[in-house]
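Each of the next two complexes has chain A plus one other chain: chain B in the first, chain C in the second.
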Partner chain A sequence: MRVLKSVTAGSLESSDVLVTITPVSEDHIEYDIESIVIKQYGKRIRQITEEMAESAGITGARIHVQDRGALECTLRARLETAIERSIVC
Partner chain B sequence: MPRVEGYRTGRLENIIGKHMSELNFGLEERILNSKDELAQREALLTSRGLMVPEGEELVLGLFVGEQLVATGALVRNVLQGIAVDIDYEGEGISAAIVSSLIRRAVDRGITQVFLYTISEDISRFESLGFRKVAAVPRGAALLEWGTAGIESYLASIRALAKDKPDHAGAVVINCNPFTLGHRYLIEYASSHVPWLYVLVVEEDRSLFPFKVRYKLVQEGVADLRNVTVMKGGPYIISSATFPTYFIRPDVNKASWKAVRMHASLDVSIFRTHIAPALKVTDRFVGTEPYCPTTSIYNDIMKIILQAKETEAFGLDAKTPPVALHEIPRFELWGTPVSASKVRDMIREGNLSEVQKFVPGTTWDWLKSEEAAPVIERIRQSDSRH
Partner chain C sequence: MYSSCSLRDCNRKKYCVLSLQTVLAARELRWKEEELLAKSLAQEFSGHRLAFAFCTLRMPASLRIYGPYKEIAVQLRDALAEALMEKAFTIIASGQKQYDDGPSAWLASCCDEEILKRMAISIEEGHVLGALVDIDVTDAEARLLSRRDMGFEPRKCLVCDNEAMVCSAGQCHSLLDIAAHIEAIISDSMALRSSKSL
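Moving on to the complex of A and B:
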C-alpha cells in the first residue's frame, strides 16, 4: 500500500512524539529517528516504528519520528494514527 | 478566568501541577481572524520585542479564556511571529504552538519548515528538533525542521562542483526575464574566473515562471564554456531565507529592518555554506539603480561577504571571505538595462522596444505562444516582481 500524502500525528510537547510521514518516489521506507533519549531507547523506538510500518504494509514513505520522551503506548498510538492518515485519500 | 500569578520561569509541568484545571480547560487553539484578536496578537508580539510578519497566511493563537497567551504564524513554509506571554512562558506552550503550525504546514504538503527567532532562543527550538541554518549574534536566527536539511542540499551541490576548478565565481540572479544586462554581467564574470556558477532564484513568485527563467538563462549563455547554470535552491533568496524579497515593503521603517535582517541571513548562508561547497571565492553583482530591496542586499553583501572580522557576524572563523565585484549596469542609449525596465515596456505594450534590450533567445520566447499568458499577466500587474 503506497503512502498517498504527507501527514503528521502527535506533537513536540514534552512526553509526546511527532510522527511525520511523507511519500517518496522509491518503493522502500526511509526511517529518521530522533529522540531526547536516543541513547537509552533509540533502538527500541526504531524497532517499534519498523514493526508497525511493516505490519501495516505501507511502502514509498519516509517516516520521521521526533520523540520528546513519549511512553511506548503513546508512540504506538501516534504511529498508528499517522499511518492510517497517510493511506487515506 | 484568573491569571496564573507569580509564575515567571520554569516548565509547563509546574503550571499544570498548580493550575491544572485552568490550563486544561482554558488552553484553546484558534485561527485569528477578527480585528480584535489580531490587535491582541500584535500587542503580544510587541511585548516580546517582535515585529508583525508580512504576507502571512495563517495566524494561530492559544487562549486561556479570552486572553491570548501564545501566537505563531505560517508564511508559506516559514513559521514567524512566535511569541508566548511572559507570564505563561515555558517550553510546553511554545511546543504546542510550533507543533500545531508544523501539522498545518504538512497538511498543505510542506515538508521542510523554516523558523525565524532571535539568536538567544536558538536552543529552545533546537530542543524541539529544529536545526540552526544561520544566526546573527544578538540578532535574528534561521532554523529548519524536516528530514532534508541544508546538509543534504550542500552534499548535492558539492557533488556538482567536484570536477570543477577552485576559485570559482558565482552570480545569483532572478532573470525576470533574461536581458542583455544579465548576459553582460555573466560574460564579464566568466572571463574573470576559471569557472562560473549562475544560480537562478528558484522561488516561483515572479511574473515569469521559474521554468521559463531557467530555460532562458541556459539558452542565453549556452556559448560560454566555463559556466554552469543551476537552480538557486531553498537557501538562496527563497521564501525561507529572504521572505521580504518577494513582497513590496511598506514605506515604514520596520519593513526595511526586516529586509536588512533577511538579507544578512541570506548572505551569511552564502558565505558559510554555499560558497565553500562550490569552491567559490568571488561573487559578481550588477549595481542596482532602481530597486531599493536589491540595493540593500548589495550593500549587505559588501559587508558580510568580505568581512575579515567573522565573529561580529556570527560566521565560523574558518569561513574564508568572498570578494564582491559590483559591476556597473550595462547601458544602452544611456538607459541601464534591467528586467524591470523590460517588464515596464511589456506592460506599456512596447514590444518592439523590448527586442533591443533582450538577447535573441529571450525575444524568440516572448514571441512564442507560450509567452502569451505571461505577457497578459504582466500587463495586468503592478508587482515589483
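Moving on to the complex of A and C:
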C-alpha cells in the first residue's frame, strides 16, 4: 500500500512524539528516528516503528519520528494514526 | 468533574483517570492551536520580532485536571509576564484555555526567542512552583526551542535526581509518589507565601 500524502500525528510536547510520514518515489521505507532518550530507548523506538510500518504494509515512505520521551503506548498510537492518515485520499 | 466521569466516581476518587485517547487528542489539538496562534499573531504583528511561551502543568494527566492545580499554569505564566515587563519587553497578547488533559496559559512578547527561553528556564528553575510547569517557547514560525540546543542541562525528575524524560518514558514512579512530591512543593510555596506576608 503506497503512502499517498504527507501527514503528521502527535506533537513536540514533553512525553509525546511527532510522527511525520512523507511519500518518496522509491518503494522502500526510510526511517529517521530522533529522541531525547535515544541512548536508553532508541533501539526500541526504531523496532516499534519498523514493526508497525511493516505490519501495515505501507511502501514508498519516509517516516520521521521526533520523540520527546513518549511512553510506548503513545508511540504506537501516534504511528497508527499517522499511517492511517497517510493512506487515506 | 471531567466530562466522561460520573459524579459518584468523582466523589469517590481524588484523581480522575483519563483515557490515552483523550490525552493524545488534547495534546494534538493544543499543538495545532498553538501553531495557528503563533502564525496568525506573527502575521498581524509583522515587522516585530515575536516569541511565544506556552505554559502547561508538568505532571501526569490525571493530576493535571485536578481542580486545585489548575491555577498554577496561569500563575507561572503571570510570573514570566512580570519578569518580561521588568526588562521592558512588551507583551502583545496572552490567554489561557482548559483542555481535556489540563490547563494551558500562554503569552506573546516582542522579544528574541532565545531571551524568552532563558527567562522561561529561570522561572522553571527559580520559582517555588517552577518544577510543576513546562514552559515551551517558540519563535514566530512556531519552531520550538530546546534546552539542549541552547546548552542547558535537561530537567530533573520531580521525585528523584534522574533526568525527568528518562523517568517519565520508563514510568519509574507511581502516581501517588508523584502526587506526594507535588503536594510537598505546593506546601513549601504556601509556607513561603505566609512567611512573606508576616
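Heads up, the rule we're going with is that the second predicted complex is superposed on the first by the 89 of 89 C-alpha atoms of A that agree within 3 Å, B and C clash if a C-alpha of one lies under 4 Å from a C-alpha of the other, contacts with A are read in each partner's own complex, and residues count from 1 in each chain.
As a convention for this text, a residue touches a chain if its C-beta (ideal position, glycine included) is under 8 Å from a C-beta of that chain, and two chains touch if they have at least 3 such contacts.
Fair warning: this is a prediction, and the values are worked out from it, not measured in the lab.
> Would you mind checking whether chain B and chain C clash or fit side by side on chain A after the superposition?
Clash: chain B and chain C overlap once superposed on chain A.
> Between chain B and chain C, whom does A:M1 touch in the aligned arrangement: first, second, both, or neither?
neither
> Looking at A:I38 after the superposition, I want to know if it touches chain B, chain C, both of them or none. Which is it: first, second, both, neither?
Neither: A:I38 stays clear of chain B and chain C.
> So, A:E13: does it touch chain B (first), chain C (second), both, or neither?
both
> Contact-wise, after the overlay, does A:R62 reach chain B, chain C, both or neither (first, second, both, neither)?
First partner only, chain B.
> Which holds for A:L71: it touches chain B only (first), chain C only (second), both, or neither?
Only chain C is touched by A:L71; chain B is not.
> Does any part of chain A touch chain B in one structure and chain C in the other, and if so which residues?
10-14, 16, 36, 68
> What part of chain B is in contact with chain A in the complex they form?
Touch residues, chain B against chain A: 11-13, 91-92, 95-96, 98-100, 102-103, 106-107, 109-111, 127-129, 146-147.
> Okay, in this complex, where on chain A does chain C touch?
Contacts found on chain A: 9-16, 36-37, 40-41, 68-71, 73-74, 77-78.
> Enumerate the contact residues on chain A facing chain B in the complex.
The touching residues are 5-8, 10-14, 16, 18, 20, 22, 30, 32, 34, 36, 62, 64, 66, 68.
> In their shared complex, at which residues does chain C touch chain A?
Where chain C meets chain A, its residues are 20-21, 24, 27-28, 30-31, 56, 58, 134, 136, 144, 148, 154, 163-166, 168-171.
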